[in-house]
Each structure stands twice: as C-alpha cells, then as structure tokens.
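Presented sequentially are two complexes of chain A, the first with chain B as partner and the second with chain C.
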Partner chain A sequence: MTSIAQVQGRRSSIDLSWPTFALLSLVLSVLVLLPLFWLAYYSLRSDTGGGATLDNFIALVADPTLLRAYGLAISMALAVGILACLIATPMAWLVARTDLPARRIIRMLVTASFVTPPFIGAIAYEILAAPNSGIVNIIYRSAFGLDPSQYLVNIYTFSGLVFAIACFTFPYVFTLVANALDKVPSDLEDASSILGGKSMTTLRKVTIPLVLPAMLAGTLIAILQALTMFGSPAILALPAGFHVITTKIWSLFQFPPRLGLAAAAALPLLIITVVLLRAQKSILGRKGYTVLGGKSGTPRITKLGSWKWVAVAFVFCILSLTILLPYLAILKTAFTGTVGDPINFDTLTLRHWKFVLFEFSATQLALRNTFLLGFLTATAVTAIALVVSYLVIRRSVPGARYLGVLATAPVAIPGIVLGVGLFLSYANPTFQLYGTIWILLIAFMTIELPAGYQQMSSAFAGVHPELEEAGRIMGASRLRTLWDITAPLLRTSVVAAWCFVFVGTIRELSATILLTTANTKLVSVIIYDLNESGDLGAICVLGIILLVASFAVVFVANRVPVLGGSQMNARG
Partner chain B sequence: MWKKALSAALLASGLAAIPAAARAEAPAPYQITPELEAAAKAEGKVVFYTATDVAVAEKLAEHFKTKFPGIDVQVERAGSERVFQRIGQEYSTSIYNADVIETSDAVHFEYFKRQGWLEPMVPQEVADKWPADERDPDGNFAAYRAHLSVLAYRTDLMKEADAPKTWEDLLDPRFKDKMVKAHPGYSGTVMTSTFVLSQMLGWDYFEKLGKQNIMQVQSSTEPPKKLAQGERALEVDGNEYNVFRLIDEGKPIKIVYPDEGTPLAVGNAAVLKQAPHPNAAKLFYAFLFSLDAQQLNSDFGGLRSFHPDVKEKQGRTPLSKIKVLHSDPAKLEPEIQTIKANYEKFFGT
Partner chain C sequence: MAFLELDGLTKSYGSLTVVKGVNLSVDKGKLVCLLGPSGCGKTTTLRLVAGFVPANGGEIRVGGKTVSSAHSTVPPEARNMSMIFQSYALWPHMTVYENVAYGLKLRRMPQAQVTELVRTILSATQLLALAERYPGELSGGQQQRVSLARALVIKPEILLLDEPLSNLDANLREEMRFEIRRLHDEFRYTTVYVTHDQAEAMTTADIIVVMNDGRIEQSGSPEDIYERPATEFVARFIGGTNIFSGTRNDKDTVLCQAGLVLRCGNGTTDGSSKTAVSIRHHDIELSTKPNGANTNTTVGTVTRQIYLGSHRDYLVSIAGGEMVRTVAPVNVAIPVGQEVWLHFPPEKCRALAQ
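Moving on to the complex of A and B:
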C-alpha cells in the first residue's frame, strides 16, 4: 500500500520463511517419526506383561508361521514385479514408439486400471476365475462338455494371487517406461540406424538399455506395492490356505491383540522396503543420466507393418485381462442374483442396489467419510508438498533439504506398518484419536505425502525462478510470490498431484483396516467386511459407486476452467 | 513418562487387571413403559454391534424403526471375533460407541462380565419365558439367538447317496477339493464348533481334514454363500440360518445333521454399561427378546429361538429332533490360543 509496507515486505518475508520451515519440520516429524518410534518401542515390550524383552524378535525367527508368511510374501512380490515388467514394457514400447492404432485410448485405459483399487480387482477375479463358480470356468466346461470337477483356472492359488495383483500394478511400470521412451533422444537411435543397425538391433542395443533404469524402477515399485498390499492377499490367499506377511500381521490384532509381536513382525518389512528403495536409487543414480539428457527431436516411430495385428491382439489381450473382463464381471454381479446365475431377464435384478442404497445402514456414512477424507487429504498433501518442494528447490532456508527427506521417508513405510505405528501412537489415553477420522487423515497424509512431494518437486524444477524474483523485487513476500506467481504457473501439476493423492486415498485399505471404527467407516472397509460375509453383489454395487465417483472427481478436477487442463489428459 | 506409557500400553493390550465384578443379584425385570420410550426417543439413536448376518440384522433394525419411529438403529456387523476385537480396542482406548452388543461366541460375554463392561438388566419377557441356563444368573446377558453349525451340500452337484452322513465321512478322498469351511479366528460359531469337535474327535481328525484341500473363508455366514454360488459342493461348517434362507430362495441345498451330533452356537446379547444412549439401548434390548423380534429372526433369519412361543417354519427339522452338541464357554476360554495355533498348523491360516 505504502512505501513503508513495501520496504518492510522483504524483511517480514525473511521472518516468515523460518516459521514456515519450523512448522513444517514439526508437522512432518510428528507424521513420520512418531509412529516409527512407537513401533520400535512396542517391539521391545512383552505382550504378556510389562518389561523390556527380546522375545518378540526371537519369535520372529523361531515362529515357523511368521517365517513362512515372509517367504511367501517375498516370492509373491518378486513374481508380481517380473510379471508386471514383462507385460508393461512391450506395451509401453508399442504405445510410445510405434504406429499402433488407438494409442491415446490405450493410455487412458491403463490409467483406468490404475484407478481401480486392487481389492476390487481381486474380487472381480474371484467372480471370473474361482475354480467352480468362476465365469471363465463355467464357459470352459460348457464349451467342452466337461464334468463339474474340471476347471481351467483357479484364482485361489499362489499363481492366481500373483496374476491378480500384477493386473493392477503393471500401470506403474507402464507409465514410467512409456514416459522414458517419450523422452529418449532419437539421435542415438538415428546414429545406430546410420551405422547400419536394423530396427531390431537398434531396439536391443540402444533403446532398451536407455529405458532400463525406468524398467527397473517401475518393477521395484510393483514389487513394493505387492509386498505391502493387504486387500488382494486377504481376499485370495486366505481361501487358498496361506498367509502373507500383511495378513499375518493383521491376524495378530485379533483380540487379545499381540501388539509387540505385530510391531516386531512389521519391522523387517520396513527394512526390506528401505533396502529396495536404496537399490532403486543406486541403479537410477548410475544410469539415469542418459534419459535425463533432454529432448532432441521427436521420438522415432517404428512402423509395425504386418506385425500391427499381432501387436493389436497382444494389447487387446492385456487390456481385456486388466480392464474389460473385471469390469464386465463386476457389472454382471451387480445386476444379477448370485454370481453363478446366467444373464437373462429372469435373473436381472436391482436388489443389490436396493440393499446397498436403502437397507444397508453403513453405506451413506462410509461414502461421506471416504470422500471427505479424500478431499481433505488431497488438499492438505498438495499444499504441504507445494510449500516443501518450494523451500527445497529454491533452497530458501538452510537445512530445507531435510524437509525433502522427511517428506519422502514415508515411501519406506508400508501401509500396514504405518497402521500399526499410528494405532500405537494415537490409540492411548494421551491422544484419543483412535475412533475419529483424524487418525485416518494423519495416516492418509503420511502415506500420500511422498507421491505428492515427488510430483510437485519435479514440476518446480521446470519453472524458472525469474518470475518469482520479479515478484520479490516488487516487495512481495516469499509466500506471496509462491501463491500469486508460482502456484498458478504450476496449476496443471497441482491438479494432477491432487487427483493422484485423491485416488490413492480412496483405494487405501492396508492402514485403514486397523484404524477404522464404527463411526469412521470407509467404503474400502465395508467392501472388505462384506467380502468376509460373502455378499459379492453388494460389493460390486459399492465398487461401481466408488469407481464412478473417483472418475467423476478426476474428470471434474481436470475440466474446471479455472484450474486449466491437466497433464494426465495432455498425455492421453 | 515411561510409567504413563507403560500403563497406556497395558490398557491397549487389554491386559490391565480389572477386579471381577462382585456377584450380585439380577435386577428386577422391566417392561417397555411410555416413559422409557419417550426417553429413548429423546436420545434418537441406538448403536448395535452384531455378528448376525447383515441382511437379518438390518431387517430387525427396520422392524424396530417401524415399531418405535424416531429412533435410528446403526447396525455394525462383523464376524464375532472381530466384533470382540473391535470392542476390546475401543474400550481400552476409552471409546464408547456401542449400546447393545451381540456375538455368537459365548466366551465373549463371560469376558465382558468379568471386565465389568455390561449393565445388568432383565426384560420381562426374558424373566418369564427364558430357560434358566440360557441367561446369566446375574442378569448381565441372555441368549438372544442360537443356531447350529451345519454340514450342507448342493443337491445338483452331489447325489444324496454320496453325501456325507457323519463327520468321519468328510475324510473320504471323494470329498477332496469339494469343501468350504469358515475360520475359528474369525467366527465365534466356528470357534465353538472346532472346540466341540476337537474334544469329541481329537485334533488328528482336523489334521486329516486339513489335507482335503479345503477352501478357507472367514465368517460362518460365508460357506453357505459359496454353496449358493456353486463355488463348492459341500460345506464343513456354516450357519444353519443362512442355509435356511438360501433354501427359501430356492437354492438346491440340503442340510445334513451328522449322527455324532451338530455343534450349537448360542448368541448372547447385552447392554453395555458405558452405552452412549442408555435408554434407547434398554428399549432395543427389550425389543430383541420380544416375541415379535424372535419370530422375525426365525421366519426371515432362520435363527433358533429360546422363546417358547416362537413357531418354527414348516419343513425345518425342529431342534428337539436333532442331536445337539453343547459347549461350555468356561472350558473353551483357556483353549482359544491352542485352537488358533493348531488350526493354523493344519489349515495354513
């Protein structure tokens, strides 16, 4: 307003950076470090009485059921990673670097598979591929006139579980590899062609090595996702008669809970995660520079020629398995009496819809909680991520990069471990947060912070500071330039990050399952409860509501004119 | 600080010793009076933690709402052991959400009573009609429902001649890959039946049964639904009332009451001392034992009732014609960890 205010503007901005930094450090430390502290503390405490003990860790190596659960979880995760990589890499290459038809639509459908919560996918596969009632097996038997004991596929097996998880984790690999292929400079490939390399040789010797880091990174994410996943194993592994580590930890919470053993059993999961992330970092650190070389010219497009139809068949097959069949199965189950019924006018019914919408008293509360938490988490995480990445990238405060470390650290905390940690931290007489939605908000913020931060900080790196400097010279404070200048420039990234966090929150189950109570029901949890009592029709109705609502939110957020278009759509 | 944390931890693990409630006479029976109804209406809501099948529980809630308009019923349905786990977690952190609680594991109510979590009260109907051994002498709880855990099979997938007649029959190789079974760590009904059968047939029976490649589900409401889907032809255990309901819907399912006997699970109900809506809870509790509600449970839900005036539906085998295996909750309680551990050893989860 006046010149005095302008003069003081700069001074007050310096004062503001520090409180912001201090506040954020405090918030992030509480979010991240407190649960880990309690986890470590409880793991050293006896379940049967007070006092420090190492019994829980001894049980960890001596209890064969725990060891078996770990062994199965690790082999399952590795198998998922490999399968996801084998599916996703050729598909990403076809979509990014060939003249395959309908590439935009394919990318969109893969995004749809990403939005699908894995537990809905697992339930869809129960409907499709259960050995006797599975639709695929019914068709197989009637097509070949086989007797009822024959089946083609059985989802209630170790390999069935691996398949069902891979179907909904391959988008991680796909997205990373496709983006890397978009960015790989074509001059190296051109050089190979000029020197006489055939297209296959170029692919093998140049392109694949260039995207290898992205492949490995994507595979590692898929492995981590599978290792720490709760919903799909609970739905598919328990009927098959085995535990993985997440379901085993969950079973330790059966009353009277064995919290110490649960905490001790969770710690190796944390260590494995940290090791895997370090491995990823060292691989990317060594080879990543080639991809980061910047764009030089448009990517080369390979002509598929007569191979086109083989490629189309391959992509169609993958999309059928990951999107079309599961969704058709869910739709069918939502509108027919029981899973085994054929589809005709007699079996079509709206009774599951009636039950879910009008008779089942938990529905409304759960829908409201789910979307409320989705909005709160997405907004809070995006705001924190925005400020943290600003402080880190612009190095406005010494020590700011530790904020970045704190914001990334939750990546290493699997959902179920965080659930245990948060339960121990906040379900005691001092913090009576258990039973409120705040404990869930804390859990979701912690889980989603790394994803939000990664997106925002990579977006920040692309904005030149000169506009901010102009704002600062004109006397605006740091935060003011951030909100008035930088944030609008980043709005597409902000919207994309917001949507990403929102979708991530809606599909969370592993931490949620330990933290909800009657008044804090979420849709994911009632779906899980209904699955335990075998109400597949009602689950499918809820699944459809959840999916339609998530898509609607993502769509609206991307279309609101004030917010501008989003990267997700630009990518197609 | 450490001391405080430790006591918090003790509380959280539910192991803090609370002196057993002194033995007291059951309070005088009460009736539903206009005053009680008005007080319940003022509270406007009752929270019901239950292990009964969700459709049955919701139907009952609906009936209550038409009978006492203006009082909402929040039904929280989960398997018995999860209801128990949830109330334990909530009470150890001083969260008092629930008004009325009901599970199919009789052990739970002995535990609640010992902890002093229950508010003794006796509805008139219970005092007049209930058999003495189906209610707590101190008036803390009463048997709200009972059901058998039954063998059942799909008549279109298995001929009557091939169907099992006894528990031992299930070990026959011809049933391999064909059976579905619920889990004692999750279902109170199955915890009870596993205890009774392990006493009668020994654990080596379960060891052999575990080799039959059984599909393992969680809640005892689930095996009948897997039969209905046609996912398996034979259920080892599961709620009789779910099977009744599916038969009523026209599903080709038949129950077998084995010669050795069929395990009975008694579902008690009680009002919690810390109920947030004490009057609505009292009203709802009396409603649960009314002939109306008990008859609805029997007709719509297929549950067995201890109310002598309840008429069983045509075509159902009356309880008097079935050899029933009773279990003693006092003997079951110390065995729970052993049962869980043995079960995991033989069945994998």
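Moving on to the complex of A and C:
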C-alpha cells in the first residue's frame, strides 16, 4: 500500500522538481535525439548537390564494397558470438558448479579481461601472431629452422580477427552464465535427482535449460560488441585487406568525405543493434525463468574426479590465450628494443618509456585530454544519472519515466554511429565544436549515460522510500533529508558509478576516431596512430598506462564500500 | 473539541478511490486503531494524516487547524508528528544514538539536552546498552524499539504507527503489543495505529476503527466492537463467529434455514426483513441431549473434533447443510458422527444490519 509513486507534499515552499525536469529533458534530448536527427537528415541529403535524395540508400544496396563490409561484419560477429559461447559456457560451469581449484582467482582473471580495451588486445595479438614479426612465428621458425616466409599463425585474417575479438568478448557470456548458474536454486536440481534423474540427465534436462536464456543473452551481447567494434577490425582487418562496416564508415570520412553515405551506412547498424537488444531483453525477460532470483540453498557442486586435470588444462589454456599471453607480450614489448628481441639483460630497455613520456610530442597532451575527459564525463554522467534516477524512482512528475527512457536509449546507439551523428550535428558553422574536446565530452556523456543511469537507479531502488519519509516526519525538509539520509546511503554507489564511467571513457575509440583532431588527441587515438606507423613498443607503454589507470580506479571502486560499508548491508 | 479530526477525507489515484469520505474524531491522548483487511484504505488514511499524500477532498484538522485539504497540504516536516514505519526505516548509516538524536538535532536543541533526552528514552525502551550499535547489528525486536524511541523522543503532537509489528515473529509481536500500550500509558501521545491484526488492535487501542473498502464500517471501544458488531463484516473480521442469514419474523425473532428460529437478545431490531444473526463460537452450548426448547436450538452431527489443549474445537453440520463452529471444554469429548444439540442463548445472538 505504501506505493513509492505517491506524491509527497508537492506544495512545499520551493519546488525545484519542475525546472529540474525541464532542464534534464532538454539536456538528454540534445545528447540523444539531436545526433539521430542529423543522421537521418544527412542520409536523405545528396553529398554532391545537397538536395533531398534516396541515392545514399540506393548506394547502400548497389555499392558492392558496402554490402561486402556488412556481410563480413555480420559473419564476423556471428562467428565471435559462437566462439565466445563455446569458450565461456563450459568455463562458467566449471567455475560455478565444480570443485575446480582456484575458482575465485579464475573469476577475477576473467573480470580482468573485461577491463582490457579490445584494441589493446588486438595489438597484443599483432605482437604475438603477425606472420613475420609475431613472437609465436619467430619461435616456430627458430625451433624448426625454417626460412622467414614460413609462419605458423597469421592474425591478419578473417579467422584471426574473429579469434582476437572473441578473446575479449567472451567475458560477457561467461559472467551472465556463471551468475545464472550461481542462482539456479539447487532444489530444482535436487527435485530432478529425487525423481531418479542421473547427474548427466539432471544437467541436460534441468540445469542447462535454466541457464539457456543467460547463454543466449550473453552471446547476443558478444555479437553486438563485435559488430559495433572499431578498434580491433581497424588494427587487424585493414592489413588483411578487408573492411567491416565500422571501418568502412570510418573510411567514408577520409578525403573526399561522403557524409550522406556514411549516415546512410550507419543507420542499418543502429537498427540491427536495436533489434539485437530487444531480442536479448525478451530472452532474459521471459516468464518462468524468473527463478533465477531464487534464494534457496547453495548451488550443488559436481566432483570432477579424474577429469579435474583436463578441466584445469582447458581453463589454463583459455586464460593463457585471453590474458596471460597478451599481457606478457605487451610487457615484453614495452621493455625490450623490438618485438623480435629475446629477453635478457642486454635487450631490456626503458627506451620506449622515455620516448613516450618525454620525446613524443603528442603524449602529454593526449594523457591530459584523456584523463580530463574521463574526469569530466564521469562527473557529469554521475550527476545527471543521479538526478534522473531520483526523479524517475521517487517523484511522480508526470513523464519522469521518459527521462529514464532517454537516458537508457544510447545503449542502442553504436559508438561509430553516434560519432557520425555528432560529427554531423556539431561540425558545422553554427556550433564549430569539431576540433575541441567538447564534442568528445558530448560523445562520451551520451555513450556512458545508460551505464551510469542503470547503476544509479538500482542504487536508488535499494534505498527504501520509508527511510526518506522517516526523515521528513521527524522534521527534516526534503533537501535536508536528501543530504542527511539519501546521500550517505548512495555514496558508495555513486563512487562505483563514477569509476565505471571513467574506465569506460578512457578506453573509448569507436566514436572518438571520427571526432578527434590533432589538437584533441586522446591516448586511444595515439595508440591507433602509432599502430599505423608500426611503433609497437610505444603503444605497449601507452597501453600499460591505460590499463594501470583502469585497474587503479577499479581497485578504488572496490575498496570504497569497505570504508564504513559494514552497516550498509542491512537496510532497515 | 476533538484534537485530531478527519472530515469527509477522500483520496483517489486516477479513477480508483481508496479513501471514501472518512470522518473520525480522536481526543487528545487517545490511541486509535485503524483495523481492516489489506487494501481497505487504512494505510493511505495514515499517510494522509502524516502529510505524505495530498488529499483530494475533505479536511484533516489538528487542534482546530487545517493541515490537509484539497487545496493545500502542510508538508510532513511541519506537522510535529512522528511515525513508526512497517520497515522501521532506521537509517543504516547512523548508530542507535544518532538515529534517536536526529529529530532533536533538527530542532536545534543544545547538545547536553539532546544527550539527556536520548538517554532517558533509551533507558525507557531498554536500549541504553546498544546506543553505539548500528541498526544492522540489532535483532528485529531491538530495531522495533529503536524506531519507537526515535519517534517518541521528539514529543510529537501525534504519533503514527503503520503496521509496526508485522515484521516480528509471533512471540515478540505479543510482547511488543504490551510494550506499545505501556509506552502509550506512560507518554500519553495522541496515537493512530494501523494494523490488520485484530488481537493487536484489542490489546493496544482505546478506540478501534474498523475500515472496509475505503470507508469506516464501525468505530468504538474494543468491547463495543467485539460484543456489539454492527455489521456482518465487523462480526466476521473481529473474532470467530457464526453467521446465520434469514428473514425477520417479528421484532426480535429471525427465521433461518431449515426451521431454525433465533430470538436475538440484542442488535439491530428494525430495518429490512432480510437480516443476519451472529453468534460467537464460544457462546454456543453443546450437548448430547435435547433441552426441550423450541427456539434457539437445533440438532446436528459432529463432523470434526480437534483437541487443542485448552479446549476442543467442534464443527457441527446442521439441517440445511450449514456448518456451525463451536468450542467446548476438554472434558466434553463427543466423537465424530454423533448427534448433538446446539443451543444459542438469546442474549448472545446478535441481529446485524444488512
């Protein structure tokens, strides 16, 4: 009966909710709707004449290079999805439901590969598996005494690209499936056993069908990530001589720019994303799978017995490919002269560090820009998300929930599509934001808004409205209640959301690549530029800086709840 | 004049009206219980009084001053009331002491006085030893007492309680009922208490207000409500009862099914010809022999008998297929299937308004 939607003493002396609501509606509309509007507008405008035309959409179907890029992108994404699912599901089961040793550490390591920006992973695989200079191929040649044209693996291929992307997208499937397995109540499985089902039958008939939605949903997310990714394909597919759709859209921005065609080419990507997200939502939201919130019993653990070592080998193999080898390759390259050098005291050098930090002119500006933008974006997004979720969850300003819809919408806009839209919106004589960091700030805010909003609204939902009402009836005004009661209770969530957004921002490349100029270089863009010139040592130094910054921030985010967090667990 | 007055109070959400013109007067220092099934509008009524919800019609007056009407709502913080919530709503980031002191600090009381008042109320609620604990470190009953202490310490004009005991286990709930009554007797705040538990209402209230479907069904002392229910709803809701429907034969005699004639010693003696008669389980006399009377008696068969330690619970099927529930002392042990005579003493039969 105590509905949270009830209006609370609306006639207090100063009511800020309406102006706030209006301001936020405006800001969110500008962030989300404006780029989409210009995208649609330019896609219908002729690049040569300027009049209204359908030529761009006709070119989309008629131009074989565009069609091929879409075809390759989609088949690549599907292959990534399948591969990620094949790797992640058995691993999730081993970690969640067996007596595999070191399960906690494995989980942590997989989460760590979440933090790895995919383009750094792609570069690590360049170092490992390029046909000529790749470490694996050098070792292979010297082991068998082969001539330099021979190679074992080649990352500059379609399958190489699929592999490199899957290595860094499988955590999506892994996390969803492992969490689902954690939550499948063991009594459902016990019920099957008691009815006479053997272990394998129970696994096949009960456990797997129950986590199937999580598997599908995770796979869809992996597919979506692969489809909309710019960095890895740009690093691996371009040398291989083919385009996927994101790199193709980017190439349309090269001279002579064909903005209308780029806009038209971006729209199908937007539509595919929306469709995939809807599919994912409907799979996860299906009735009957809601048991996944059950609270009964600890999950049953399968004894692996003599299979244990097979399982350990499998998990070790996967972790080597996705974490150990790439990270070792990056570390080695950062501290030795060239990729091919053996590791000994003679080859160890800080040359690349010196070059990146002191000699290369672009670095300092890029570092400053990156961390400044990370800081600004994280702060702005957290603040907006905080107010929006407060309005949506606590107040019944009619229409407040549309703010929530707007704040969630960018989740369906791929970075490259948003990049095109923002370029079209702000790189014109009216705004002239192109070439400033403000256009990047707008892009990052839009991209990160859904994540920030999601975190803040679930945090608000965790603060019982009666806690605030108790403050009111004891004599505190609305603002005083917010300050004394709501704010302290949300503090840890706010810090976590801030860090989350910060980490997401400093690794962004898809939208950045279209919006950056010489004056507004970011670390991610420099890494991409340096890759063009083949300076892998410098890239690895920058990659390590990004990774250390990300892990430092994640570490802080994880530590903060510990500070005075003990009493946070029981809420009223 | 009554201290707290609800006058034609109405609240609706869209087309759904949840409080339909409630009139109620509460004298200063009384404890009033709003009792009813879930969805009857009792919690909304309480939230209207607290000022969390603006009214759509009618008025709420405290000490003659209007605090809520269709046009204006004094915000909760300006009402000098306090409230105990179903979830206790203890602030998890503050210690017991800080929780209780919060309201006093808002009133800009000097530090020394705050400390003294908090200590007094904490010892009255046996919480002094726990002052530095966080709510998460307390048991359910202790949390409940903190929430009481926090509400009482600010000396509110009106104290509101929203199903305060529904999250406690049965033993603790019984103990806390008496505790709430004891604290009320000690501090004498005008109190509105919402519950769906009739035993809770009986123990604590000076006046019970039975609500149903957004309206007040009946209000009166616990004895009034139990002994003299005005409607079938009240009779059924408060305490176990048997209801016989029938037609009014003459002023105080009701003709029920299968020739059962009940003379009613009290209740509504005029009105429509269709009526119902209520008689409590424990007011029915059960015997294995007929007592010879023509009215207020019938014969039936025992269909269920349960031994409950203090008494036996009987279910008797009478002519016409109706089931009558009654209780008898433990030594009256009649096996299932045996014929029994039921006697309904006229002074215990109550005719109800329809």
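Going forward, the second predicted complex is superposed on the first by the 505 of 572 C-alpha atoms of A that agree within 3 Å, B and C clash if a C-alpha of one lies under 4 Å from a C-alpha of the other, contacts with A are read in each partner's own complex, and residues count from 1 in each chain.
The working rule: a contact is a pair of C-beta atoms (placed from the backbone, for glycine too) under 8 Å apart; a residue touches a chain by one contact, two chains touch by 3 or more.
Predicted model only: the values in this text are computed from it and were never measured.
Colleague: Contact-wise, after the overlay, does A:Thr48 reach chain B, chain C, both or neither (first, second, both, neither)?
Modeller: First partner only.
Colleague: Using the superposition on chain A described above, determine whether A:Glu359 touches chain B (first), chain C (second), both, or neither.
Modeller: First partner only.
Colleague: In the overlaid three-chain picture, which partner chain does A:Trp309 touch, first (chain B) or second (chain C), both, or neither?
Modeller: neither
Colleague: Looking at the overlay, does A:Asp484 come into contact with chain B only (first), chain C only (second), both, or neither?
Modeller: second
Colleague: Which partner does A:Phe144 contact after superposing on A: first (chain B), second (chain C), both, neither?
Modeller: Touch status of A:Phe144: no partner.
Colleague: Give one of first, second, both or neither to describe whether A:Leu467 is in contact with chain B, with chain C, with both, or with none.
Modeller: So A:Leu467 only meets chain C here.
Colleague: If you stack the two complexes on chain A, which partner ends up touching A:Gly475: first (chain B), second (chain C), both, or neither?
Modeller: In the superposition, A:Gly475 touches chain C alone.
Colleague: Report the partner of chain A that touches more of its residues: chain B or chain C.
Modeller: B
Colleague: Does chain B (first) or chain C (second) touch A:Phe345, or do both, or does neither?
Modeller: Neither partner.
Colleague: What part of chain A is in contact with chain B in the complex they form?
Modeller: Listed in rising order, the residues are 41-42, 45, 47-50, 65, 130-133, 148-149, 156, 237-243, 247, 251, 253-257, 259, 338-340, 355, 359-362, 424, 427-430, 432, 434-435, 517-519, 529-530, 532-536.
Colleague: Under the touch definition given earlier, write down the residues of chain B that touch chain A in their complex.
Modeller: Interface residues on the chain B side: 4-6, 8-15, 47, 49, 53-55, 58, 61-62, 73-79, 81-82, 84-86, 88-90, 92-95, 97-98, 157, 177, 183, 185-186, 214-219, 221-222, 224-226, 228-233, 340, 344-345, 347-349.
Colleague: What part of chain C is in contact with chain A in the complex they form?
Modeller: 38-39, 43-44, 47, 50-54, 72-77, 79-83, 85-93, 102-103, 106-107, 134-137, 143, 150, 154, 160, 162
Colleague: What does chain A use to touch chain C in their complex?
Modeller: 1-2, 6-12, 464, 466-467, 469-478, 480, 484-485, 488-489, 564, 566-572
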